[in-house]
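Read through the structures below before going on.
What follows is chain A paired twice: with chain B in the first complex and chain C in the second.
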Partner chain A sequence: TMLKGMTRLISRVHKLDAGHFLHTGSQAPQNLAAHLDNQVPVESPRAVSRTSESDPAKHGEQHEGQHYNIPLQDLKAVFPHGLPPRFVMQVKTFNEACLMVRKPALELLHYLKNTNFAHPAVRYVLYGEKGTGKTLSLCHIIHFCAKQDWLILHIPDAHLWVKNCRNLLQSTYNKQRLDQPLEASIWLKNFKTANERFLSQIKVQEKYVWNKRESTEKGSPLGEVVEQGITRVRNATDAVGIVLKELKRQSSSGIFHLLVAVDGVNALWGRTTLKREDKSPIAPEELALIYNLRKMVKNDWHGGAIVLTLSQTGSVFKPRKAFLPQELLGKEGFDTLDPFIPILVSNYNPKEFESCIQYYLENNWLQHEKAHTEDGKKELLFLSNTNPGQLERLCAYL
Partner chain B sequence: MHRFRIPWSLFPVFRHSLRHAGTPRAVLVGSSWPAKMAAPAVKAARAWSGLALGLRNAVLRLPGLTQVRWSRYGPEYKDPHIDKEYYRKPLAELTEEENYERELRKTQLIKAAPATKTCSVFEDPVISKFTNMMMKGGNKVLARSLMTQTLEAVKRKQFEKYHAASAEEQATIERNPYTIFHQALKNCEPVIGLVPILRGGHFYQVPVPLGDRRRRFLAMKWMITECREKKHRRMLMPEKLSHELLEAFHNQGPVIKRKHDMHKMAEANRALAHYRWW
Partner chain C sequence: MAAAVFPAWLALQPGARTLRAFSTAVSPATRAPTPSPRTTERTSKYERPLRRKALPPRTEKMAVDQDWPSVYPVAAPFKPSVVPLPVRMGYPVKSGVPMAKEGNLELLKIPNFLHLTPVAIKKHCEALKGEKGFHTAHSEEQHYILHYLKFCTEWPAALDNDEKCEKHFPVEIETADYVSAGPSVRNPKARVVTLRVKLSSLNLDDHAKKKLIKLVGERYCKTTDVLTIRTDRCPLKRQNYDYAVYLLTVLYHESWKTEEWEKNKTEADMEEYVWENSSSEKNILETLLQIKAAEKNLEVNKEELLGTKEVEDYRKSVVSLKNEGDNESTLSQYKESVKRLLNLT
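Moving on to the complex of A and B:
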């Protein structure tokens, strides 16, 4: 009897016309009928996967699951660093950058639109399993804030600052701490590209003496500090520290809104893989960059928001299956971040999966003949378990 | 654990005395050095003891040819049918023969399906064979990842070319990595091969027509050897392989040159063709 029921279901699936791609699997026949009514008509497949609304501020519930286009010049200006490497490859291959609008990002956008800049900065933490789209959601938020003319403080991957650092210098400012000139100078370069227009507007409120010959006067633009950090690599870490301090102090004044976006924030608490010359391990507090960043992530300033992402992929000494904030941040991190809004980023739902496949089909990315068929789609769904990262990797070679 | 040494006289001599090998031999408890040679003997003996003696030996054994790879399955084991469409056909639609076949298979013994053969729509036997040939030390995970990275690299390169080309050229550029792979290997297959034949104490390279399987094997073997040896130390296999596959697709490159060299050698040794007796 079970076999007869299965064959009846299968013949019903075969009777659907080619447009209805949804994977029905083990759904009961009543749900099938309801599903057919709710489906978007396939006469215009572009309507399912793409939207012409390229301003993130106007994205709403109706755009969920659809891809919106980011012009390539904007991409270079807003994201000099921070996009996942596979996404960069995809942008290069397709000659266009399309991000999918998803629920966690929409939720965050709603909160950001209603931020009260007089209250202390709210911390939002995007968490989820590997490959679910936390970094790209963060990029969506950053694009929105860039369009709204906020100042973006984007640290693309905090894990890069706690592992594989070659040159560690003893900090000139504080003898106990260590400098990372390379990482700091790279970050300053990218920060400059992203926030050109603010660097001349914001004025420094203190005099900073770099060495016997160079100093930055009070009232000079922040751009000078950044230049100093880029040219004099030895002082790059201190320059970063100054930038962070000034921005935190002045964000309350109301000239600009500050968005602090850190990817892989669980690197700030925990352990590092770095060692001193005498092979003794270095704790994250002893790195000047991490120390200053921790001050930034505390919610004792107002005039902006803090959006953080947890990441197990680049983390050190954390088990592979860990994705919850408590597991990844550890006790210290969790207590420091304590009142935060957690936002779960999960795998694709059927509509988003469909939209993703449609997007790939439109760009002719799925070249395998069988990938266009029903069976092919079902198999992709099964193999990837609707995980966006896995799906992308699967479609890359199909 | 005892270590047994089995004297050579007790080993079954497969070539000539298949008749004697029906009885089970002394079972090894330890793993001594003749164990590697005795184990297949023991396994074969165990397999045979369940069957009629002499039946298995008589079937399809050419004189002078020894079976090197023994399978644990007897001849009554049938190959599994890995095809979703076959099993999806509703019972009403089956013809008489198919119905009979289905009923028959219910009573027959069937071998276990190998792990590499799936009913996936994306499966390709050529790609699987190539992956197996690329594999080293049983590391199938690495070989498969290299294969997928190669296909991805081929696809991305072709997309680059496509976007850079004009409208007429776009129609000619092939972007499917699987068609490129198949066509490239087909272009690399030699038509005629050389076989060393012993005549009068010397080995002569005699031109010989090659079978389908041998040609496919040679094409894949040449491709893999070329990519392993003639690349810069720091270059990764997917990059080199994708480059070679694209060149072979356009009938250029070192693998095609090797095929042509083989053809030229065969043409040069044309006079020795009479040494072939099959």
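Moving on to the complex of A and C:
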């Protein structure tokens, strides 16, 4: 492994662009020298922070704390809209996407691998304090399911659907409810990118009439509905509703496995910041998107799983320190999701922290000269309180 | 001006010993043959008895080990001729010293505790002690408390710990009396009466207890199970006490009755989470039924499903989660019970 580490290090030196070369060039001989000098083979930092196992299905406890690489073309296909914005920036900077394998994700993977598809879909709720890695754990799960060829129904941030929406239209399908054409069409576009191959396989099971001239016949592929929603923005919300309904109905048949992944699911039962023209507040269930999504996260279907995260960031009218399930979901939310498996995502443990620092050091993200010393690490540990989000923000300054 | 009046007084009461003190302040000049123009007395100089020469002050005759409490047995003003201490008081003039005690008004103005020296207090305590066997007090405060306690009866020996007191006397009444020096003895603050009782000592069943707590609202403390009723709406303490007792009686009887409209109690009114007929129960029932249907096991019935141990655990965990809120233990308990219920490893 030591040799492998060294060869990979050398290959990395060539890969990085010239701007970093000088720095790495000075660093690489040091590392090599360190390796050569020691009689006892030292664990190269690479072995601590990285693993070569890039298939999430094979991740196990031995990989805990290590980063695994997601190839960039996979990233575009699986996560058109799922990744947190800071992570996207990091991917662009480092030119690679590496996720850390952590316990909550491993636990979830274990459950998912043992899912009984004949039983009703089990709901898993990831909760934790701000910045502990819930969204990235969800992304890890999504990557796994995508590799396993499940159909991914990923709503990247449900909070986006309950606040700051312009252009609310009265729903064509049901006069009581309201449409959100913009949000619906954006989501449909991303859904199409993520699940291209399924859209031609799945056939709708009833006829949908859009307006006097257009309709979708029974038996036509789901892709047509999606297209209709993207092109005719007015019908986008209804298209989303139809997609959800069809998928739910047909996942039980066994053609595909369905993963429903919603980030910030507490938005479904909270309050909205939206108001009608007469300034009266809108309840979440009056939004067609929310109404249909609520139906999706109930466990009255089988053939898949539902993974949800609670998020205070981006939520409306919730105190900043709230992170526990009942606080964020409220009574209604809890009663709807009950029974579910709550999974706590916590701050880094020492091994994960070390691994994260090593990863940043390898990518030359930490430019401060004291960053790699023990004292520097202790300082970072103290300042960030091992909170992943906080650590990431701190290291951005170094 | 005061000094000018004193000789006139002396002329009137030659026998008064207390006024002799002032005679020392005045110069021992004998009476002038001509009456001083400031005097207002009509007595002629011949009828005025001859003033005695001022005697030396009593302090010179005092022994060091004399019985001081007899010099100052009660609260009395400061008498410079009686107090043998060379005490000085006052703001000194430039390059001077504070004024001496003779004729010093400052020393007269301030309260003195010359009658409450430790020796005097000891004597008082001895006098009060009698057969009581109290610890001898040395401070003025304790002195007063002892004085009061002398008039109280003994604490009943049978009530030697708190539990017995509570068992026999569950209702505690708290009143306050106020003493002040002023024109009137009355104090409006004295009418407040606080009645404290533990609900566990009242005979209440579950419904009655819940109803009582709802009726009293803020006056009930959950942690100590104490109902506190504080009345001050009547002008007299006695009336307030009667009112407080009346309130307690009424609350007790009303909480036992069940009204018509209590049937409409909704889930939002419930004080604690009740599992039966809750949405959680419905959810779990449906889930279990679906699981059984998937396993082609259609002959199960609801009671059987709800009676299993896993459902029992689940019920307990949900109840604790709802009642106690989220914390590590309740959440992990809930997680375990759901895992077992849904057969996840």
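Everything below uses one rule, namely that the second predicted complex is superposed on the first by the 355 of 398 C-alpha atoms of A that agree within 3 Å, B and C clash if a C-alpha of one lies under 4 Å from a C-alpha of the other, contacts with A are read in each partner's own complex, and residues count from 1 in each chain.
In this text, a residue touches a chain if its C-beta (ideal position, glycine included) is under 8 Å from a C-beta of that chain, and two chains touch if they have at least 3 such contacts.
The shown structure was predicted, so the numbers you read here are calculated from the model rather than taken from an experiment.
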Clash or fit (per the criteria above) of chain B with chain C on chain A: fit
Partner chain(s) touched by A:91 [first = chain B, second = chain C, both, neither]: neither
Partner chain in contact with A:57 - chain B first, chain C second, else both or neither: neither
Partner chain in contact with A:368 - chain B first, chain C second, else both or neither: first
Which superposed partner A:118 touches (first chain B, second chain C, both, neither): second
Which superposed partner A:327 touches (first chain B, second chain C, both, neither): second
Which of chain B and chain C A:169 touches, first, second, both or neither: neither
Lowest inter-chain C-alpha distance for chain C and chain B in the superposed arrangement, angstrom: 21
Shared chain A surface residues [contacts with chain B and with chain C]: none
Residue numbers on chain A that touch chain B, as the complex places them: 7, 10-11, 89, 93-95, 364, 367-371, 373, 375-376, 379, 396-398
Complex interface listing, chain C residues touching chain A: 278-280, 283-284, 286-287, 290-291, 294-295, 314, 318, 321-322, 325-327, 331, 334-335, 338-339, 341-345
In the complex, chain A residues that touch chain C: 110-111, 114, 116, 118-120, 122, 299-300, 302, 324-327, 335, 338-344
Parts of chain B lying in touch with chain A, wherever the complex brings them together: 84, 88, 90, 120-122, 148-149, 151-152, 155-156, 159-160, 163, 175-178
